[in-house]
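Each of the next two complexes has subunit A plus one more chain, namely subunit B in the first and subunit C in the second.
Presenting the complex of A and B:
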């Protein structure tokens, strides 16, 4: 019986000219967004890889110089593109692409791509995620709003019920029919997306990111199932197609367009972000705390004196200037950890508000999960920032240790390529899928809860279906 | 007859719960949007005040230090010496160039959360100065803000469509249309009356509520330029509303059912407000892609490596270009670190300029493409008009950046001769300062006016078409 109802629903939808036009438009837009996403990913990741290799070459090609000069020369880290960014660019346009890793300072990531765009960018980018999160839900609304109301208005509902079809069967059948009609659009887009994804993977296989792809597909499937259930439930519960359409359009608008902004504002109001002036001033105040540095240096000096059994700096077998430079770094590192840690924790608090707001609008849960799985969320940005900063600290340690070991009093010490080579190449591996999912437990629960609740409401409202 | 229709429609409309619901939703959205905008304006003002306080404190300390160094026997490392023009113009004495929020900035947050509104200007390379940003959670930047502009661009059309989609079809479906038209009145007059009442009520409610919200949130409407901007805002919003009313009349005239009207209008709204902007952006960024800035970073790096290698050779060339700066002891100056650095910086900037210009050209080409395509999306037209009125768009920011560049040049022109002359700075009072000069109201009217015209013309065309077709409206189903 279910399959027959599904067949009827599917045929009715797909024979409608409006469905065909809309399905065609959505399919074209999905493919277009995928193609552009793929193209952007390929060109950007190439640019970033080339630049990363070049910064290494420049580092190695340095002339003979004092290691501390090399530390000031520094290196750049360029944020690698995650592959699934071709589907969901997430926050990528709004975070910097490059950081200068120099002595004494944890620099900000600079050059947000969005600043190189026009104001129209703020309407949202036409990415796969935008199509999936904004356009497809509306498509679902248009496919479901009259599922029950039209039958009631035409009088076929009374006939149908007189046949003894159980309301649950009817609901499932209609849901399956709509899902099939949706699949006509989704399946080709997904298949092409996965092929494009495999194409850009070097090994040609899905390799490590297969999990992310599978999870992403699952998240969107659950989301569409939820939307279908909501659409059918509203259609079953309302008196007329007109009311059903208005209610569903209002829901779509609130869920897809309004919720993100409202939740982001709420997050900002609950946990206000400081201004750059404030942040910088607080940071510089702590950095320039000479007393803290002096104390640190004093402790270290005493320990070294004890270790080597001497009583003045010149008697040490190592150059104290290297030690002193490193102690300065250690002090600064603590300050950076505190200040950037506080700022980033604040962002994460704000993002948790966004996740929790998913309870009011399921799109927020999907949005967080999608970005996370695509590797374009804040957590993974932070992970890269931390990796770059750790690498910067490693560079300082290697160089300062070299000064301590080789600098002779009263002589100019110059290091050469052999030292530059001692600094290992910067390598970064994106965190595993489980780590990502761990960050979005709230969103996962919220999404599943929405699915369960909407299925429940659908069965309830069909059980109480009024035939006329 | 027309006035009777007006009175009747008003009675119907005010008796209907929809109007009051719409007004309540409108009031809530407008109130929240303006409050949010005003909060952001206060944040910016606070940041600017903090910046100038920081600068004042720093300058006091520098002045005290300069005074102390007048004492015989006082000494300081040349890097920390505020009298050293190289240190003062570079690390110690940078001054802020700030872009204060325009008088009605609370109306639209626009690009102001993304584009930095204060820069610390020193003798440093331009690219280092302009690449600083305000800090913000990238997730919030991505989401955008719930401001009045959002309410108007996205929400107002939906309200208009909700009030108008069934204005004729409902009468036909209820069978009252035949009744009304049996009176000496045409369909056109009837619809004109319906639209007039709805438009007056909606735009009136919007303007009054927005005005009230501005006053309540403490926006100073007597500030210079506030009144013309408010007028522009009213004109722009009215033109935008006119477009959607025109569309509703046009769709109503097709003689479809209420549900069909709603579907058509919702889809059109989606196409014009949601899809078209993203699609146009996609077109502009695909035809004129801006390469990742990593390429620029690398170019700057290579340029400065080469410039540093050439060092003193560059200085000789610099003296050839600027003979007025050559002092008697040029030979000694060759070895002077600061002097070499001026020449090196200058050379790096010259080398990097073509690269930077390539980015700017691509961005300009994107803007140009969208400036043409925007005529196909009322939402984009409205966005740029609202950003212009609020002073939070790219044009005012570009105006600011050009003043910033001039100030940067002035700052350097002040310090470079001092560096070459190895002069000592004794007073901080003669240092140049930055004051933002606002765009002229005429320029603003020009930009907003273009947008308004581009909205009004299609509205008139749609209304004309609609009213023509309405003459042939099927009275009974």
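Presenting the complex of A and C:
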């Protein structure tokens, strides 16, 4: 029965010229966004690979020099892009993808595509996520708004209900019909997307990303099912197609366009972050706290004197300049941890607000999950920042320890390639899928709740279906 | 087959149908006559459970329509003033869809075409989209749906109004055939001539009341008209 209704709905839709044009446009835009994403991804990941290799080669090819000069020479760390980033670029264009690692400083990320954009471009980027979160919901609205109202207006609903059809079956059949019409567009785009994934990886099909891909597909499927149920429920409950369209367009506008802005503003108001200038000033103030550095150094010096039973730095078997440099680093690290930690915690609190706001607009829940699974959300940015920063600290530790061990008083100490090689290559593996889902458990629950609620409302509104 | 017991529908203070008592046996064609707003369509809507009765009951095949609406609808077919179909589908696709939803998904295309032949749908029309159909053709599709469904009772709401005399006559012939097959028919109509020709009994309604019931063999067409007008006057 359901499949029979679905087939008829689908047949009617596909015979409607408006649907054919719309589906064609949506398909073209989906493929276009995929192509843009794929192009970005493949060129960027190639650039990253080359640059990462180059930065390592440069590091190893340094001349003989004092280790501290090498510390200032520094190197780059590049955030690896997950393949799903070609679908959802998330916050990457705003936070950047590479960090310069050098002595004394936890640097901010560089290479933010958003920096090179005009204000208008900010809204016009054609990403897969944009298509999935803005365009397709509109498509669903246009396919569902008249599902019941048009039948009521034409009088076919009377005819249909006189046959003894269960309204629930009718609703499910219509939902399946719309899903089928949506699948015509989505399936080719998804298949092409997966093929593009296979192309871009040398290690084969979805290596490592399969779990994320499956989850992302599931998230969007549940979201579209929810939107279909909402569209049909409104169509069943409203008197005319015009009213139904108006209600659904208002919902679409609020959900797909307004909610993101409004929720971001709300999150910003609840957990305000300092401006870049304020942050920088406070950071520098604490960094340049000479008293704290002196105190630290004093404690360390006393401990060393006691350990080696001496009362003069020159009597120590190690070079105190190395110790002093490392103590300076340790002080700075504490300050960085405190300041960046505070800032990042604010961002995380903002993200929690965004997730909770999903209760008002399901798109927010989907957006969080989508970014998270694509690895382009704040949490994974933070994870990478932490890994890069730990690596930077490791470099400093290795270099300063070398100074402490080898610097002789009154001599110029130069280290060579053997020391540079002691610094391991930077490696970063993105956290596993479970970690992502753990971060977005709220969004998952909110999304499922929306689905359940919309299905319930659909059944309720069809149970009270008015034939005219 | 169709029974109404003290069936009443009230909208606020307006009584649309007042304590209707009516029994229509298999093979009977009962024509409801009366002015607009007399309660004819209300009666049909109550049998279809499209509206809830205020009091009383409507039963089809002995089953209360409010208690098992899906079950009772299995026995009836409904033909409104204009049978509404899906304009982007062909006549055959419409018939197949409605038959399937009425619980008969098993017909082959040739069986369905036979129903069209029985109701006299012109050759070749079955493959055309119904957007091009005339009203007479739509009513024929409606009867074909009823035939395909194997309905034991028909609820007709002014099915011949606006039909040309020939189409109207063909419609009456089909009704007679159905009644001969034992189908109970309840037809609301303004057409006294049609009522006399194809009905077995006529009932005259006024302000929601069934004020008179006569067998059609009791009078000539002229008598029926006189009786009807008498009731309308006071």
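By our rule, the second predicted complex is superposed on the first by the 467 of 468 C-alpha atoms of A that agree within 3 Å, B and C clash if a C-alpha of one lies under 4 Å from a C-alpha of the other, contacts with A are read in each partner's own complex, and residues count from 1 in each chain.
Convention: a residue touches a chain if its C-beta (ideal position, glycine included) is under 8 Å from a C-beta of that chain, and two chains touch if they have at least 3 such contacts.
Note that the structure is predicted; figures quoted are calculated from it, not measured.
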> Of subunit B and subunit C, which one touches more residues of subunit A?
Replying inline: B
>> Output check: A:156 vs subunit B and subunit C. Expected answer is one of first, second, both, neither. What do you get?
In response: second
>> If we overlay the two complexes on their shared chain A, which of subunit B and subunit C does A:11 touch? Say first, second, both or neither.
In response: second
> After lining up the shared chain so the two structures overlap, which partner does A:95 touch, if you call subunit B first and subunit C second: first, second, both or neither?
Replying inline: first
>> Taking the superposition on A as described, I'd like to know which of subunit B and subunit C A:1 touches: first, second, both or neither.
In response: second
> Of the two partner chains, subunit B (first) and subunit C (second), which one does A:413 touch, if any: first, second, both, or neither?
Replying inline: neither
> Is A:265 in contact with subunit B, with subunit C, with both, or with neither (first, second, both, neither)?
Replying inline: first
> Counting only touches as set out at the top, which of subunit B and subunit C does A:165 meet: first, second, both, neither?
Replying inline: second
> Hey, what residues of subunit A end up touching subunit B and subunit C alike?
Replying inline: none
> Inside the complex, what are the residues of subunit B that reach subunit A?
Replying inline: 36, 39, 43, 46-47, 50-51, 54, 110-111, 114-115, 118, 131-146, 150, 154, 158, 162, 166, 258-259, 262-263, 266-267, 270, 274-275, 277-282, 284-286, 289-298, 301-302, 305, 359, 362-363, 366-367, 370, 374, 379-380, 383-384, 387, 393-394
>> If we count contacts the way the header does, which residues on subunit A are in touch with subunit B in the complex?
In response: 18, 22, 29, 32-33, 36, 39-40, 43-44, 47-48, 51, 54-55, 58, 76, 78, 90-91, 93-98, 108, 110-126, 130, 134-135, 138, 142, 146, 241-242, 245-246, 249, 253, 257-258, 260-265, 267-269, 273-279, 281, 343, 346-347, 350-351, 354, 377-378, 381
> Which positions of subunit A touch subunit C when the two form their complex?
Replying inline: 1, 4-5, 8, 11-12, 15-16, 154-156, 158-166, 467-468
>> Considering only the defined contacts, which subunit C positions touch subunit A in the complex?
In response: 48, 50, 69-74, 76-78, 80, 82-89, 93, 97-98, 100-103, 105, 149, 155
